[in-house]
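Next come two complexes built around chain A: one with chain B, the other with chain C.
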Partner chain A sequence: MSRPRRERASGWGNTAFGMALIAPSLIGVVAFLLAPVVLVLGLSLFDWRLLARPEFIGLANYQDAFGDPTVGHSLLVTVLYVVISVPGTTVLSLLFALLVNRQLPGMHLARALLIIPWMATPVALGLVWSWIFDPARGSINVALDLIGIDGPAWLSDPRLALPSVAAVHIWQFAGYNMLFFLAGLQNVPLSLREASALDGASSVRHFFSITLPLLRPTMLFVLITNVIGSFQAFDTIFVMTEGGPGNSTEVITYLIYHKAFRSFDFGYAATLSVILFVIILLVTLVQFSYFERRANYEMH
Partner chain B sequence: MRTSRSTTPMVIACYAVLLVGSALAVFPYLLVILTAFKGPGQLFSTLPWEPGVPPSVDAFDRLFAAGFGRYLANTVMVTVAITVIQLVCSVMAAYAFARIRFPGREALFWVYLSTLMVPPVVTMIPLYLIMQRLGLIDSWAALILPTALGSPYAIFLLRQFFRSIPVELEDAARIDGAGRFRVLLSIVLPLSRPILITVATLAVVGSWNSLLWPLIITSSQNKRVLSVGIALFKGEIGVDYNALMAGSLVALLPLLIVFVFCQRFIVRSVAVTGLR
Partner chain C sequence: MSAPLRRRTFLIGCAGTVLATGAACDRAGGSSDGKVELVYRLWDEQQQVGYTKVFESFTAENPDITVRMELLPYGEYWTKLTTELAARQGPDVFWLTVDAFPDLVGGGVLAPLDEELKAAGIDLASYHPNVVECYSHEGKQYGVPKDLGVVGLLYNADLVEKSGVSVAEDLTWATDGSGSFLDLARALTVDKQGRRADESGFDPKAIEQWGFCSWNHGQTQWMNWAASNGGVVQAEPYGPVSYTSPEVLAGLTFGHDLVFTHHVSPDGTRTNPPSGQATEMFYRGEVAMYPANNALLPYALDEVTFPIGVAAMPAGPQGRTVVINGLAEVVSAATSHPEQAAALVTFLASEKAQRLMGDAGYVIPALEGAGDGYAAYWKAEGVDVQPFLDSAAGATINMPIAAGWTGRLPEIERAANDLYLDARPPADVAAQMEQLANDA
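Entry: the complex of A and B
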């Protein structure tokens, strides 16, 4: 009694059963994901404040946002955060993956230790790193003091606060992203992998001419997920600097939170989140097409 | 033998880099433990990485006097509720998407997948206004509902796994007279243990760590969760690093325990998603 079909045939009973199984998640997807996306677009066209009556104002919020130096500055801060944290995370995770991938004793332990930070509660992490960065008693400056260096005030110096906060992002996600590169390296054919036993110069060349191109799909995945994540950075910044000192770490998510839930200017905050959404989509698209073009170019 | 001669320094360099990397990954955890068990005086009389002798639980006394026990209980409750409900809803949907044929199924699945692109920040404001309209601000329902009714990502992972189970196994049980629900419970789920653990772990980590939504949707102290408690702690008790680290330890430790038990499932799930 072998059945050629892989799945149960359609029929009223099946449709009803299928819909019943899907119903709870469909309610969730529609009410809490799709409806909010539509609503946020609508909201951005309104002057919508806490107690006042909502008023339709067309694209005025967008005009305001494009002329608002606070928004421009916070987008700049966000881009800087992304530009520091994403390459840092990617390079480090790739390096870890290449090392852990070697068949040496102790590599399982190293892999496990390196991914621990990924799970850490970001808020708790923020506090821990505030303590590590503490100018007087923090681990970094105490250690620097031991070798005679007067360490800076990491989080209260406007020039150092953003790199410090971005460093925490790298610390948290380098190990986790290593796992993706490890999975990608498993796809590199064994015959090509054996060449990694070559000496220094040729193994470096081997890496750039053979291994790295083969890792391109993984690279695309890691870059895209990290860029999307970094554009939404909030938790650690909320705890470590609250956007300060001044507004040197005021990333766009923090500004949106502030406009919506401190100033209760929902319409304007919705506009900013739409702008953020569009930026994330565009950056993702650009990454996709760049990688695609590179792939085509190399095939010819 | 040019390979063996030149690989020895490479092996040493490899271990050196990984040793530094692992030490950096673990150090903040050690620091949390060391600081949490120091008395207020010991914070200033010892180096940050030295243990306080004798150890003191003073910081934990202050922590729980400030209502931290309640936050911890709330977080456990919310996390368990979200994880259990999300797992049930996701399994149901994923099984339908994998095995039950009905019109519009593929289109619906693509709609689910497309929601993965929506950043939570974007839905946060309308979601808040929806909850306000429903009169659910500062309620348990508002805290739990948005993530409980199934996660598209979990549904995606589960569907992929369900499709890899040979359909003949299910057919055999059906011929023996088992209902479709029985087949799901007694054939499919036992075979899906690894992916179920992965999905559950992701749900636990997600809801345990979540800050922004609980921060905006709850206001009363009896509904405050751990992440919000910690975030607001600095403002409420000041820069008391003993107590702050004790609070961080309470937040970090349970996930560390989850990690120790579920590490290989997490690694495997990454291999599954990363290869695509």
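Entry: the complex of A and C
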């Protein structure tokens, strides 16, 4: 009689014990991830000026956003930022991976150095880069001055500011993405290199015909995480240009920040966040379906 | 048998930890012996030094109350303050600008102070009327007048001397470009070949040193041009805001023309907020004359290698009118210690406290006639600040006082950036600014 009951009791006890063990991270996920997502979806339907009472206004924020030229402009800036930083990061990280994949002296050190930008605090990086970009005293323009070139105002020229902050993004993430390509490269069997060499393929031909196709799963991962990351870029831009000069580096995340924490228009900021979420979702789905059709070269 | 026990102990332990954390979060500055610690929040690290003395003096008179200062950088000050106040938390007493006052008072997070001021024998008529007016709402006073920031013209005395000119006490400007101010600005603007803007062959596309910095800053720039041209941006607090009246528009246009017609100022690609470098350009000696709130003076002197001179803002067609941006100290409606907080702000309004800050050169006290110590301090430092004091005693205006201004102001500034980029006609920019300022 008492045996099964005790077992049931201890079964419940096991569940509770298990729950208690995952509680810390579960609480974290619910409180800091799921709850805010639901809150933002709800908030986007309200006019909420923080100190005033939230007022339900249905889809009016969405209507405003679709007719708001600053939103359109910041989406354009965001797309430009993605278009510069994603190919830049991908190509550079692949080059780094090919370089450090060779058995040359000093490659362990090189790998470590290349990853440091990703490990450093973005705010600190932003500060250091704004010094480097300083038109009068920054190291870039001082170096240019030595060879007789009058360096531009990198961060205060509206035409150069966006490429400049995107360049920092590329520099920041190339080393990190190199790790994935490096892992991918080390999965490419050496026998394939020997086979293609026997067939007389040059190393360039080998790279484009053998290595690159085999890296497609890695490429998919790197591209998707990079696109998402670039769409969400905020911290270095916040430190280096605050969206300026004018609004030439005002990416959508900066506009969201501006609306929420400068104008205290939380409902509108929530609406823009939802729009960004939908855009990233769509772009990711497109990338997935593109690569799903083309990437089936898993090696085993 | 022992395993379930341990589990229970573990679970109880977890619950205990959660409760303890919750209890620790319950903040209260009071203690059983009647001593109270007030939190006073500010954004200026130089004035923080001055307030250390003020609060020592306060605690000497009120032994049961101590004050802890919380310093936040200006950019984060409003973000943190507003979110805390929305959650009915935050400091007991804090600094406030007129931009933020209407929203905070409308949100019911500020405590009215009329009775406390009356009980302490403080007569608001003794303070600069601009500052008093900024912090009253529907007949009640919410802010204790702290100081007044008044706009004057700082100049790089080295560059002025090098050009062989001098800065007259009564500079003038006019919408057509005549007047001694623009003549002086041209003489101080130099291109890469060393030619001044008032010389033939001057190349406005290759300027190396600008005589003036005309940039998108309402308080120290276009509001002053508009006012000294007879323009009225806002006739009364909480009333409509106008940027399109002919007089105001001509003021905005003058700010634009200094850059694009008269070529005596860098353009918005270098100076537009938020990332522009207008102040830094003055510090670096690239700009000779720079209008500023007097509060900038101690910061500027720390940064520059040249002596700084002070002149009054140029007088316009309708004489000299400058912006006064006075700060107030306010009490949070959510404070757990309303009596002690009231004791603190009434002390801060007293002549003793105002003079402690003024005599040490930190601020021009809002208390009328208490500015002599400020002038004496800066005279000893080699800077004649009398033009600031004279301007404050002359014709002055406030920044707009309007509900929802914290949300509108960033958008208005963003629109005004176009003036300094020559992106579209000033009348278009003004119309958009006006719409942003008034639309529901």
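Things worth noting here:
The definition used in the following text is that the second predicted complex is superposed on the first by the 273 of 300 C-alpha atoms of A that agree within 3 Å, B and C clash if a C-alpha of one lies under 4 Å from a C-alpha of the other, contacts with A are read in each partner's own complex, and residues count from 1 in each chain.
We take it that a residue touches a chain if its C-beta (ideal position, glycine included) is under 8 Å from a C-beta of that chain, and two chains touch if they have at least 3 such contacts.
Because the structure is predicted, anything quoted here is derived from the model rather than measured.
When the two structures are aligned on the shared chain, A:Gly246 is found in touch with chain C, with no touch to chain B.
Of the two partner chains, neither chain B nor chain C is touched by A:Leu94.
When chain B and chain C are set side by side, the one touching more residues of chain A is B. By the document's definition of touching, of the two partners only chain C reaches A:Pro158; chain B does not. Using the contact criterion defined above for the overlaid structures, shared-chain residue A:Phe261 touches chain B and also reaches chain C.
Judged by the touch definition given at the top, the superposed model places A:Leu51 against chain C, while chain B stays out of reach.
Of the two partner chains placed by the overlay, neither chain B nor chain C lies in contact with A:Leu185.
Of the two partner chains placed by the overlay, neither chain B nor chain C lies in contact with A:Ile275. In the superposed pair of complexes, A:Ala166 makes contact with neither chain B nor chain C.
Counting contacts by the rule stated earlier, residues 9-10, 17, 261 of chain A appear in both its interface with chain B and its interface with chain C. Chain B meets chain A in the complex at residues 2-3, 6-7, 10-11, 14-15, 17-18, 21-22, 24-29, 31-32, 35, 43-44, 47-49, 89-90, 92-93, 95-97, 99-103, 105, 108, 111-112, 115, 117-130, 145-150, 152, 155, 167-168, 171, 175, 180, 205, 208-209, 211-212, 216, 226-227, 230-231, 233-234, 241, 244-245, 247-248, 251-252, 255-256, 258-259, 263, 266-267, 270-271, 274-275. Interface of chain C with chain A (complex): residues 4, 7, 10-11, 14, 78-79, 82-83, 85-86, 103-104, 106-107, 109, 268-270, 272-277, 284, 404, 406-407, 410-411, 414, 417, 421. Chain A contributes residues 1-3, 6-10, 14-15, 17-19, 21-22, 24-29, 31-37, 39-40, 43, 92, 95-96, 99-100, 102, 104, 106-107, 109-117, 119-132, 134, 137-139, 142, 171, 174-176, 179-180, 182-184, 186-187, 197-200, 203, 218, 221, 228, 231-232, 234-235, 238-239, 253, 256-257, 260-261, 266, 269-270, 273-274, 276-277, 280-281, 284 to its touches with chain B in the complex. The touching residues of chain A, when paired with chain C in their complex, are 9-10, 13, 16-17, 20, 23, 49-52, 70, 136, 153, 155-158, 240-247, 258, 261-265.
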